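What follows is chain A paired twice: with chain B in the first complex and chain C in the second.
Moving on, here comes the complex of A and B:
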């Protein structure tokens, strides 16, 4: 146990403590102690306000879409002849890195990209526009691109959950006259609860720390309009050269991730009695 | 059974511990080796290491290095990190170590001043003065390579911001290189009428958003630009507003590519005739060659005309520099190489590779288009202006570049964009001056 603890302390806790410490110092050359000045930028800097808005949108999108789509695809492909091929198609994007997914979607979403070309060819040119240029549309299309990739793992988890449901419970429900929807609502869904907790918990954390797709697609632009807190942290630290502000964003982001995960998992696991 | 069970239970943790200990030792050894940085930047006789953020230039450095070796006995050994952001972090961190690279490619102006004030660079004033006495460097660019009166950078190249245009397209439409603002507008109208986007404009990658801003402001009033970038004029003043209005007018007329057009595709777009003019540094000539375009045949270049005929003529110049870390592994060899870098025999090879103009004014570019530009700039006594990216404190430039990107995407009006830029300028200049004090 000791080596593991040492590694956690050296590579996780020590940098975290240092980051908290740094966040209380100014970014000027002499770096004086500046109390909560770096944190106050959340109230005064419109780019950070937008970043918080975007992060919330990402959390909602990355929790809802993979959950709903994953559950739907898993249910539809659980017991069909073509289920293996269908599942492969959905799961395959999950094997791709975020950067590779971003490159593919960049090819689709730029103003002269594939999506607008298809729309123009279908005489729907009026719908063609710069998908990555205007807020909030650019954030929404990136959330959709992320869902395209992230749904795969939700499908796998829900399939495992579906296959662990005892068939007798469904047969009993059918004998009692329950229809398909009632079986799903009252028999399948409650038994998928443990899997759902994991899918939502994972999506929640992924949404809060989303970075790679955004960075490759827009680098947080144009005009910092698509930044999430993770991107803002990088941008402030390495591009704007304000490591103190970057550290403050890192601390806030960490607190949000920890608090959200802890509240969610505690509530869910308590309900289950574990 | 219990005995064997105990044995198994006792053996398993031991094996796991041994495995963990072995792995930890191996990781520690690798980490120490990595920290020692024995391979890449340590002294290697006959070469000097060169940190570089443009991997496509490695071959050019090697060729120029062979010419350098004939003079100094040391060739160049490029170490490339093509991500500009991570490159900057790596350079700033390695400056603090005992095995910094021998030479580092860096930007001039305030980017250099910021690096120089870490006290990790060698004073190159003597080298600069020797170059000036031989006429191998323009002393006018001294300030862009200096911090607090001392020179810390030797120019790596000298590029100008120009309008590349497609000669076949212009010939087909009966157009010639615009020599006045009215001619520029005429070219744009004719190109647009023929289904060709007149100008390439982009904010992909961030920094390209500055290109049209700096170009239009300097062609409205170059003296104002000089005051603006040194904090003596306001972004909300009339010349800046005029430049932004022109820019917005061009965008509204559909004269510019969409802001998400990647300018890496610029040479290809010019060749295929989908874009008429491409505003960029002359170092892009290498990209034109890469797509098979011949200078003077397939493409030409001119400097954007001034908005009023009476406006003084100017040109935006960009010059990267070589710096020598104080703790360079082969400091003596590095000093010898920066001392010979601008030698015409070295610059001939380097300029031919780059297809661009040398920082040594006695070396004429091998690219006829760039050579003609060099000649015109000298003949017309154009005011050389430092590129916006290097012209003010880095934090100010980065923030303003973001704002210009937002403007290009239609998020903010000219007035709002300029107001934000001015607010940032006020804060960042105050911070810079406070730090300097």
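Moving on, here comes the complex of A and C:
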């Protein structure tokens, strides 16, 4: 146990405390104590306001899309054999890294990329544009790209959940004359509740932490239009060289992530270990 | 066929095709010889230049050394994290330790915090302590990052084991050390493999620590190298970049397909 505690304390908890501490000092050369000045930039700096907006969009997108699509695909492919192949198509991108996903989607979305090519060939050339260049379109297409990757894990989890539903409950429902929608609504869905909470919790936290995809696709740009809090923190700290502001963003992000984690931790944790 | 089923099958096919398009384009265009690329995406495979592209990516972006580095980081960190976490789980669940709840939270809290909170203090102290831009530095941080979640899983698994075996062994005079290696580790092996797979993929796919804590090409992990290659997109051309992306994904794809059973079980332990 000692090595685990040592590693975690030295490499994770100590930096965490230091970041909180740092967030209260300003970024001028002598770095005097500055109370909540760094935090007040959330109200005054338009780049940070945009970053908060983007983060909200990411959270909504990464929770809704993989959940709905994952549930739909898992239910639709659970019954038939041939649809295993279809399911594989959806699950496969999950094995790619965020950076690789970014490379693929850059290829799709650049000005002479695949999406614009398809649109032009369909005589919809007027719709073709630089997808990553204007807000809020660029954030939305990146959320879609993220859903392309993240739906796979939701499908797997929902399948595991579906397979643990005792078939007797469905048979009983059918005997009582429930239609397939009623079966789904009143028998399947309630029994998927635990899995749903895990999927939502995971997507929520991943959405809040999303960094790789944005960093490789746009580096938060153009300007700073596509930054999320995770990217803003990195930008402020390492590119704008304002570690105090960066630390404040990190602390805010932490508070949000902890609050979000609580959603699924509450039922997941059995801390006493009895 | 009833309308409902037609509708359902239709939807499945459409979704599958939609999902397949980016993957398909990735493979097809990674196959196009870099010199032949005409400026717009290809939809059908033609001449095969995949290995030429891959070797160009391997050289240009220095994916070669990065590949070796990431293999080292991912393997060593994942193994170390699994062993350390299993030990910690053994200590907090099986051994009579005081303040279990406190120790649990001390270790587990690491996985709740976003990585952004650690990165600058780590950067500063790495720069001061000459761990910056070294392989040992990266292995250390990757292990530290992996331990909390691995511990969480191993602990949940340890809670399901029967206590009687351990108690019997203790009665027979076995030391805790022996109980751990000869009874606990064999019993938890499947969970250990699942955690290893999970953490290997996590380290392999990491980008942020790679770009922050390293600069030189022979230290950098593979995703940082790929990000660099992407930065040269217009110079090297799409086929080479895509071939690079494909190349760095091969290990996780292989692991994903071959260890699917463990993958699914590692996801299940989430619950």
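We adopt the following convention: the second predicted complex is superposed on the first by the 260 of 274 C-alpha atoms of A that agree within 3 Å, B and C clash if a C-alpha of one lies under 4 Å from a C-alpha of the other, contacts with A are read in each partner's own complex, and residues count from 1 in each chain.
Quick note on the criterion: a contact is a pair of C-beta atoms (placed from the backbone, for glycine too) under 8 Å apart; a residue touches a chain by one contact, two chains touch by 3 or more.
Keep in mind that what you see is a predicted model, and the values were worked out from it rather than measured.
Trainee: Could you tell me if A:221 is touching chain B, chain C, both of them or neither one (first, second, both, neither)?
Mentor: first
Trainee: After lining up the shared chain so the two structures overlap, which partner does A:58 touch, if you call chain B first and chain C second: first, second, both or neither?
Mentor: Neither partner.
Trainee: Tell me which partner A:132 touches in the superposition: chain B (first), chain C (second), both or neither.
Mentor: It touches chain B, and chain C stays clear.
Trainee: Pick one for A:156: touches chain B only (first), chain C only (second), both, or neither.
Mentor: In the superposed model, A:156 contacts chain C only, not chain B.
Trainee: Check whether A:89 is in contact with chain B, with chain C, with both or with neither, and answer first, second, both or neither.
Mentor: Once the two structures are laid over each other on A, A:89 reaches chain C alone.
Trainee: Touching A:238, do we find chain B (first), chain C (second), both, or neither?
Mentor: both
Trainee: Of the two partners chain B and chain C, which one touches more residues belonging to chain A?
Mentor: C
Trainee: Who does A:73 touch here: chain B (first), chain C (second), both, or neither?
Mentor: The answer is second: A:73 touches chain C but not chain B.
Trainee: Go through the superposed model and pick first if A:112 touches only chain B, second if only chain C, both, or neither.
Mentor: After superposing on A, A:112 lies in contact with both chain B and chain C.
Trainee: So chain A touches chain B in one structure and chain C in the other; where do those two contact lists coincide?
Mentor: 3, 110, 112, 238
Trainee: Sort out for me which residues of chain A touch chain C in the complex.
Mentor: The touching residues are 1, 3-5, 7-16, 18-19, 22, 69, 72-73, 76-77, 80, 83, 85-87, 89-90, 92-100, 102-108, 110, 112-114, 117, 148, 151, 153, 156-157, 160, 180, 194-195, 198, 202, 208-209, 211-212, 215-216, 229-230, 233-234, 237-238, 243, 246-247, 249-251, 253-254, 257-258, 261, 265, 268, 270-273.
Trainee: If we count contacts the way the header does, which residues on chain B are in touch with chain A in the complex?
Mentor: Residues 20-21, 24, 85, 88-89, 114, 117, 203, 205-206, 209, 258-262, 394-395, 398-399, 402-403, 405-412, 431, 434-435.
Trainee: Within their complex, state which residues of chain A touch chain B.
Mentor: Residues of chain A touching chain B: 3, 28-30, 47, 110-112, 130, 132-135, 219, 221-225, 238-242.
Trainee: Along chain C, where are the residues that touch chain A in the complex?
Mentor: On the chain C side, the touching residues are 4, 8-9, 11-13, 15-17, 19-23, 25-26, 29, 39-41, 84-85, 87-88, 90-93, 97, 100-101, 103-107, 109-110, 112-123, 125, 140-141, 143-145, 147-148, 151, 155, 159, 204-205, 207-208, 211-212, 223, 226-227, 230, 233, 238, 241-242, 244-246, 248-249, 252-253, 255-257, 263-264, 267-268, 270-271.
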